[in-house]
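Each of the next two complexes has chain A plus one other chain: chain B in the first, chain C in the second.
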Partner chain A sequence: MMRLPKFRFEMPGTLAEAAAIVAENPDRTRLVAGGTDLWPNLKRRHQEAGCVVSLAKVAGIAGIAGDGATGVTIGAMTTLAEICENDMLARDYPGFVRAVRSISAPVLRNMGTIGGNLCLDTRCTYYNQNEEWRRSIGYCMKAEGTVCWVAPGSSRCWATSATDSAPVLCAIGATIKLVSTEGERVIDLAALYQDDGIDYLTKRRDEILTELRLPAVGGAKSSYWKLRRRGSIDFPVLGVGAMLELDDQGVCTRAAVWLGAVRSAPVACADAAAHLVGKKIDENVVAEAAKLARKPAAPLDNTDFVVAWRKTMVERYVDGVLRELAGLPEKVKNPRHGIACV
Partner chain B sequence: MTERAMRLVGNRPPQVQARERVTGEAQYVDDLAIPGLWHGVTLRSPIARGRIVEIEPDPDFDWSRVVLVDARDLPGRNVLPLILDDQPVLAEREIRHPFEPVMLIAAPDRALALEARNRLNLRYEAKPIAVEISDALEARVKVFGEDNVFKQIDIAKGDLEAGFAAATIELERDFWTGPQEQLYMEPQGMIAAWEGDQLVLRGSLQCPYYVQAAARAVFGLEPEQVRVIACELGGGFGGKEEYPSLLAVHAALLARKAGRPVKMVYDRAEDMQATTKRHPSQTRIRAGIDAEGRLTALAVDLVLDGGAYCTLSPVVLSRAVLHAGSAYACPNVAVRGRVVATNTPPNGAFRGFGAPQALFAMETMMDLLARAAGLDPLEMRRRNALRAGDETSTGQVLEQAAAADVLERAAEAADFRARRELYDRPQTGSIRRGIGLSLIMHGCGFTGAGESRLKGRLTLDLDARGEQLLVQVRTGSTDMGQGMRTTFKQLAAEILGLELDEVEVAAQDTALVPDSGPTVASRTLMIVGGLVARAARQALTSLGLEEGAGAEALRLALAGRGRLEIEEVHEPPATLFDEDHYRGQAYPSWGYACTICEVEVDMTTFEPRIVDVVTCQDVGRAIHPGIVEGQIQGGIAQGLGYAAFEEVQMHDGAMVNANFNRYIVPTAMDLPPIRVLLHESGQGAGPFGAKGIGEMPVDGAAPAYVSALAQALRTSFRELPVTPEAIAESFLRPRPGKADA
Partner chain C sequence: MTERRPTELEGQSPGGKRKGLKLIGTPHRRVDGMAKVTGQTVFADDFVAPRMVHMKLVRSTVPHARILRIDTSLAERMPGVLGVLTGESMPNTFGILPVSQDEHVLCRDLVRFVGDPVVAIAATTEEVAAEAALAVVVDYEPLPTISSVAEAIATPEPQMHDYADQGNIHKVVSMRFGDVDAGFAEADLILEDDCFFEGNTHLAMEQHATVAIPEPDGKITVYSSTQTPHYLHKAMTKVLEKPASHIRIIAAPNGGGFGGKSDPFNHEICAAKMALQLGRPVKVCLTREEVFYCHRGRHPVQMHLRTGFTRDGRMTAQHLKTALDGGAYGSYGVASTYYTGALQTVTYKLPRYQFDSIRAFTNKPPCGPKRGHGTPQPRFGFEVHLDKAAEKLGICPGELRLKNVVEPNTVTANYLKVGSIGLRKCIEAVMEGSNFKERHRKLPFGRGLGLACSSYLTGAGLPIYWNHMPHSGVQLKFDRSGGIAAFCGETEIGQGSDTVLAACIAEVLGVDLMDIRLCVADTDLTPVDLGSYSSRVTIMMGNAAIQAAERARELIAKAVAEKLELPVSRLVFADRRVFDAEDPEKGLDWPDAVIAAESKFGTLGTTGSYSPPRSPGKFRGAGVGPSPCYSYSACVLEVEVDPETGLYTVDHVWMAHDVGQSINAASVMGQIEGSIYMGLGEATMEESAFRRLPARLSNALVHKFPSLLEYKSPTFLDMPKMTTYVIEDPDPNGPFGAKEVGQGPLLPMMPALANAIYDAVGVRVDQVPIGPHMILKGLDDKAKGKPGRYGPGPFPAFDFGEPLDVPTLDEGGDGKATNNAARGLREDRGTMKIIKS
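Moving on, here comes the complex of A and B:
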């Protein structure tokens, strides 16, 4: 049986109070929202904390406001279930809602929050194991050890970004608000991430993610496809978030393709996007863009599925997502693991 | 059997304890609060094979706070008694598999016990290992004896070479299956307490009297000195048949030394790494058919991987060889089965018990033969299905055989022929479809003379001394979710003419109930339930009452003596099966099942999706159709997990994906509704003509799935599991030998 370690626990009522507590000792303090990531990690001793600050009672950081015409703000403490059930979001940001619906299972979406999913810990075969298992291999770089067992010659940790919501949000150009005792700032969501399995967030430890902002939709369409073995529960082994805007002639005016779960951060497929912009979108253009999307993907042998197959699937999934957005005939019918929403 | 209308048999009353299980009120072993309880953990070997040099305790740790047990603490021989007596309770000098128990630690709390374990430094010399069946057969590394063979069984019938000479088509193919984890929701757990000179064991276990026998042997105790209580059981699937004996002895050793009760509950990783799995297998089949597609000769060479110790492997092998010919008549048969030793944790009992491996190979072979003969899988099976009067490979003449009946019913319900023809037409889209079937039979109850040796007992107690009539069924059979308590109440109440709540089933406590034999082998309803029915009828006879007499009549009849206790013993003649030559009646009843599976494969991603499952199973009689359907649906889900998802990844003999994140079992999202047709032939050896149904549903799922995939993809697969990667590989990088057209 796994039990939590001992730590100081705080439940402030305001953001200012929360920020002040975190500022006391940022490196030893952790924030908890729904707890679906942090509590198990603490129990398995992946992560540790001198103090845990719950955001559950902090006023004013939950809820959904606005719509696709003007843009939407979503409080970080909004649960994933609320996002799944929101009609406006389903109408104006269907790719985002599809991504959120693919996260884990209903009970965890009832507890888990959007802020928590954006800050989700990276995952790895050698890390997401119990304490005894990890001790038996001498631990790994991400927690207590020195070696990255995925790539033992490497000087960095290759744990995989596992957030389902980030790729499509990066693709549509979402921003986030970060608050600390020193003030607040708004940054691109894409800038929150960096490609390192340990320091995967650029956010300072004393900053609190309080708000997600979605830009006005305009003519953009977005989608998210998720690859996993089962129709529920599993983390992504590949996520493809894409945005496409076409003019009346079917010429692409804006495009973005982001991959999840193939590196330690969501990955922009800039070449693929650049290939789309300015062109009339047809099967060949999409196929070429999909081929270009393979390059930035670096899946390693630290998730479910065989690496070679995952790499092959990058191209096929990007091709499928873009076809869907461009209204081209579907080649992959119902990617069954991508749209599960039970 | 009387022909009167039945009141309770065939009904679907709520399962006993169903509400408590769902609401969390049911007490599992880890829920029990026992004063002064200590917690035990196990120090295990980090390597597959080698010699223990020394175990160094950290001098900076306060060892007075914990209790340590090693092999020197055993009162007698260091042997866990089972078939071969080859497995030590604790490794002494030699290590033979990864995660082998070496030392036990108990402490007032689990954290301290774990801390102490971390402070023990196990130094060892590693030796070369054998971890695959091929390593074992080469026998360069000797894990057991000179040839690594725990047991060999041969079956011979007819004239094999004459059979091949008569064949117009002959094929020879190899098949492989991997290990499978039982994955009961509740991990292994046991509490041991010494009360005076009596050892009391409470645990999550299928077979109280197996645990009693093991503890008696290790500690040299009389039967009444070992009391075993089966707690509410969170799943077993065979995984709690033999393994709890080892855990019980471990907990008892710690409790004895600590002088207080000790609890040992494995966490998920330890449970998956250290306990038994389904035996991996490698099977070569050579088969011949004549111009009509009828089997003329069948030669099967099957090898199971038993792991480092023998455990129940010879019995698993026995069932495997007896199922090697599936549900088909063949005049000339030779089966050679071997179970070999490797340096992996011992494999053991798992629902199906050797049959799923053999049947996957044979059913897939039948499809290959059908293809070679230009027949569809349905027609191939029609021509070969066993019928009443046919004889099996051991010469057992079948009085009843529903193979053709279940085949036709399932095929009709699934519209098999039309769909098969539809999917045989050229397919060019991104989705390829296929439909496949399997036809199998499963022997219900213990193999051969097993029941004659067991002599399972059951007591029925009718007590009219108080205000109310008390009727109690006392059995050592346990309820692991298969509904023993519910169906036994139905049987007794039906025959005695009582309401369900007028019958109670006593707790599974060796101090209260007799040894009904183990809760295994699909025997509980058929054999032990048969004793319930016999005892109830015996009670009526001795009271001069008719069947269905009712509470009032029973009370009146009992008025003189107050109480009546009936003991029934199951003692079939031992002569029905010749174990030396594998001839005769292998099982009292065979169940028959046809399972049809329809799949879609996405040709862009190679992901298969199971879209429909139809199954027709000859259950003899469904005492509780809801429970029977649940068994069938659960068994098929487990069989499809085996076929399509579950892959035990091994490195140097150790399971490396020992968690829910990487050992993938299907969820409700991954399976379609399973359409169940019950075939009630009424001709089983059990009460009201029931047959055992616990294991049969697992058997046919994997071959049906693979048969469907083979049609969809115009290839065949001969190795389980078939994952998307395996499908992709067969297209992108075909491997000679493992898949063929």
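Moving on, here comes the complex of A and C:
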């Protein structure tokens, strides 16, 4: 079997200690929460670490508090399984819980954490391979090489954002807390990401994501649709997270549509959202918004399924998710995939 | 979720099913079941020996190249590294077939695909061995690469192997059974189709592992996850240049095989060589990536079918062309090539038949036998083809098939002898179960039913190397305690063969499964069984076991009869006793019966063996296809397609399988369900896809994703509801009438899905796996007034030359070809050229 390389391993008990260790050498240090992303990456040698700091024993960064009326805080070390099983979240933030339930499979959700999912490394079939395979293609830009094989003429890496939870969290306006030896700051979750396969997070290497904050629900409804091959295990090939707030007349007062897995970061469909706001939502408005949502998506041939079809699916899935939120008749079938265990 | 509907025995094969079976046919606990479910089974990777070291293979990172230089100096200097081997140490070639001895344990001059092993490193720990392997430097001079059949045809030079039939075409086959032209002339409808079946792999849960243990006297024992210890024994003898009697192969229980552990592999032989060199036990356990490189999986096959039909739905002739993408080595490829044509004739009456095929060498991991070996691809083509014919002829697809079912006890156009055939019952069962007649072509848009059938052989009629010895042998040794030790070379790969062996003995002797101690798959201790491939174990080992047990019963009966002063004919063996049929109180307990026999005859032991009947074909190529009997399956599959996306869900599968006679009813069910699962994967998502980087930037040609995450295979959640029907139509050649069940029920899944999708949305997808984009493209095309078909282009242009002509029995043929000379063949029976290595 593949084995881990050698590295220094630390398991601090407090956030201050953890931050101090990371600050020693941020570029050579990696944080590990559930390990479901980092361990395989280290075994395949496409990520490396001089030191790995486990957050498992750090006090005070796990747990769920609050509710939809006031807003909710979720510690970064809260496991995905705990989120799946939380009745309050299922009631007040069903789109978020659906997204979390669609992550991988039960055993991995028992280990994986919400903080880990938000910081998940970007993925690419030219990159998530073992050392020998990558050697056989002369490596790629994201690790040890110079070319992005998905787009060989490109000067940037096009590895794909693979987090299921981020699109819907961005859509509902979640924020996060980052902590380092220099202090702490709270930023919009959307601001955590940038569209570059290598530097996909704006967070500094010495910062630790400690908390996720969900705003009060108000009149907003949210949902998440996930496209993938199988009923379980798979990363998203497309994720659509959407939030819609309608007044009594069915006129849209707030809207957000975010796509996952079609760029190196979750991407906002601003034109689609703008098209919805101020209109009475009917099938035509939804269809037009869905069409507008195609533009920001840039699926490439570095994950499952055929590219051209995936681009078409963006429109169909946005149409589907908006119809669901607006209570319109179903056109595209709500995929069994991704909500298998709901 | 699963219903089992007992069906009546057809009883059309007298002598197959015996009356009064006790254990046979019941569901009973597997003899290896408790160990497996409690995690106590010792797989090859679980073996640990004192002073054991770990080995890793350094594999080629280039697809095709000359090796210029190998530098292991850095690796050798690493602390803990104990041994290094290169190809120089093992000059002899090996391979599973005598005609394709084309592999070196470690490549010497050429590497032919990414993953070809070049260097072996042994070290005190697996970590050190892995690090050292990464430190080996190999310089290559790149050679042109081939990634498809079409490229192989267009690139005859440089040759990947000099023994190929021509250029980089490994094998060319062309044979014609009967006056095919006359057959087409009789047809009212001639249908032509181009289909494609993508390659896929076995995906056994256990990764291959081997432990080689040198012995103080210079011999060596090798534990390995292999389906074919006997053939591994032969290959190892050849490469290690040691007497066969100094090499002992023990097949560890396999954590799944499916054909993926049927070849002798580099790592197995290399571990033995390393162990002999170091004088220490050596373990090698492959990573999942390496298993993808060992491969030997399903060949990608392009097909062209041309079939003549009469207006009332009879077939008059068929011409099938297949092109196999073989990968970098021969493996079972010559047999696979023939198998893509051989079994087209055993399901439906096909009076005249022509078969042309090529297998190409490409710079990819070698293809070989996967569950169904070579037959699922043409079966897919044929069954989709029939669905189209049924529509054109205005006949229900079920009726069309029923009309054409082969009669029992007939010889086909290509000289295969069909004995029992329960296909009719299979078709009727699934049609009734799914309410096919009422629902097919009548369901709402988006929902559809598809029907398909298949057949598979119950054991290959010929061994892999030419010989006249039995294909399976069983030896029994009786202890005074009543315990029976059964020795047989058969190999448990998860299919339940250990239990079948014990059950056959227990049935004949009336003892409990727990009375039997199995000693299996050990080349030093057990009689040869050729291995777990071609669905041959139950029939061949089973018949050998019955013979050995019956011989023992005869001895014991004589002794007991003498003791009880009864005629032998009145004795019954049951419930661990031997007793008087007319006065059951009168008898001996089983141990006393054994003691009586040992007292009379001395130490008790018997043997049994089995060789399949000879087949009527006497032309070159006639060796592939014959079998003692054929199993049959029929399937109806229900699908729901979302026309907006092309995404679909397989909701329900009805599968009927003619197993002849169940040995263990629970295992039969398990094999059918497992086949549905594996077939679902092949139909819906599994593909061994490869990737070439832009030629101006790179020479790379790699497996797209040798990983369990990205090579998609269904999960529990993707499984449909299953209704299975076990059809028992006993065959006189089977043990207690049993036929195979391990492979056949996989075959109809893929065409049944394609046919169901057509029924649902009117789109023909002539290839598998079927992706949602194919359906959506078909729907878009239809909306634009174009044909709603997604499939491959035309069959690659290739000149097959004049076919080998074999007149059919109906035409007065005798099984021989009439134009051997025109094909450059000898007139005698020889079927294969022997290549000197």
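As a convention for this text, the second predicted complex is superposed on the first by the 340 of 342 C-alpha atoms of A that agree within 3 Å, B and C clash if a C-alpha of one lies under 4 Å from a C-alpha of the other, contacts with A are read in each partner's own complex, and residues count from 1 in each chain.
Everything that follows uses one rule, which is that a residue touches a chain if its C-beta (ideal position, glycine included) is under 8 Å from a C-beta of that chain, and two chains touch if they have at least 3 such contacts.
Everything numeric here is computed off the predicted structure, so don't read it as measured data.
Trainee: Look at A:I233 in the shared chain and tell me whether it touches chain B only, chain C only, both, or neither; answer first, second, both or neither.
Mentor: A:I233 contacts both chain B and chain C.
Trainee: Look at A:M313 in the shared chain and tell me whether it touches chain B only, chain C only, both, or neither; answer first, second, both or neither.
Mentor: both
Trainee: After lining up the shared chain so the two structures overlap, which partner does A:T125 touch, if you call chain B first and chain C second: first, second, both or neither?
Mentor: Touch status of A:T125: both partners.
Trainee: Thinking of the overlay built on chain A, is A:R135 touched by chain B (first), by chain C (second), by both, or by neither?
Mentor: A:R135 sits against chain B and chain C alike.
Trainee: Identify the partner contact of A:W39: answer first if only chain B is touched, second if only chain C is, both if each is, neither if none is.
Mentor: Neither partner.
Trainee: Could you say whether A:F305 touches chain B, chain C, both of them, or neither, answering first, second, both or neither?
Mentor: both
Trainee: Where does A:F7 make contact in the superposed view: on chain B (first), on chain C (second), on both, or on neither?
Mentor: neither
Trainee: Determine, under the contact definition given at the top, whether A:P152 touches first (chain B), second (chain C), both, or neither.
Mentor: second
Trainee: Let me check the overlay on chain A: which residues of chain A are in contact with chain B and also with chain C?
Mentor: 1-3, 125, 128-130, 132-133, 135-136, 229-234, 304-306, 309, 312-313, 316, 331-333, 335-337, 340
Trainee: Under the stated contact criterion, what part of chain B meets chain A in this complex?
Mentor: 30, 46, 110-111, 114, 118, 265, 267-270, 430-431, 602, 604-607, 609, 645, 658-659, 661-662, 664, 666-670, 723-725, 728-729, 732
Trainee: Tell me, which parts of chain C touch chain A in their complex?
Mentor: Touching chain A: residues 59-63, 114, 126-127, 130, 134, 207, 285, 287, 289, 642, 644-647, 649, 685, 693-694, 697-698, 700, 702-707, 709-710, 712, 714-718, 771-773, 776 of chain C.
Trainee: Under the touch definition given earlier, write down the residues of chain A that touch chain C in their complex.
Mentor: My answer: residues 1-3, 105, 125, 128-133, 135-138, 147, 149, 152, 229-234, 304-306, 308-309, 312-313, 316, 331-333, 335-337, 340.
Trainee: Quick one: which bits of chain A touch chain B in the complex? Just the residue numbers, please.
Mentor: Counting only chain A, the residues touching chain B are 1-3, 125, 128-130, 132-133, 135-136, 227, 229-235, 304-306, 309, 312-313, 316-317, 319-320, 330-333, 335-337, 340, 342.
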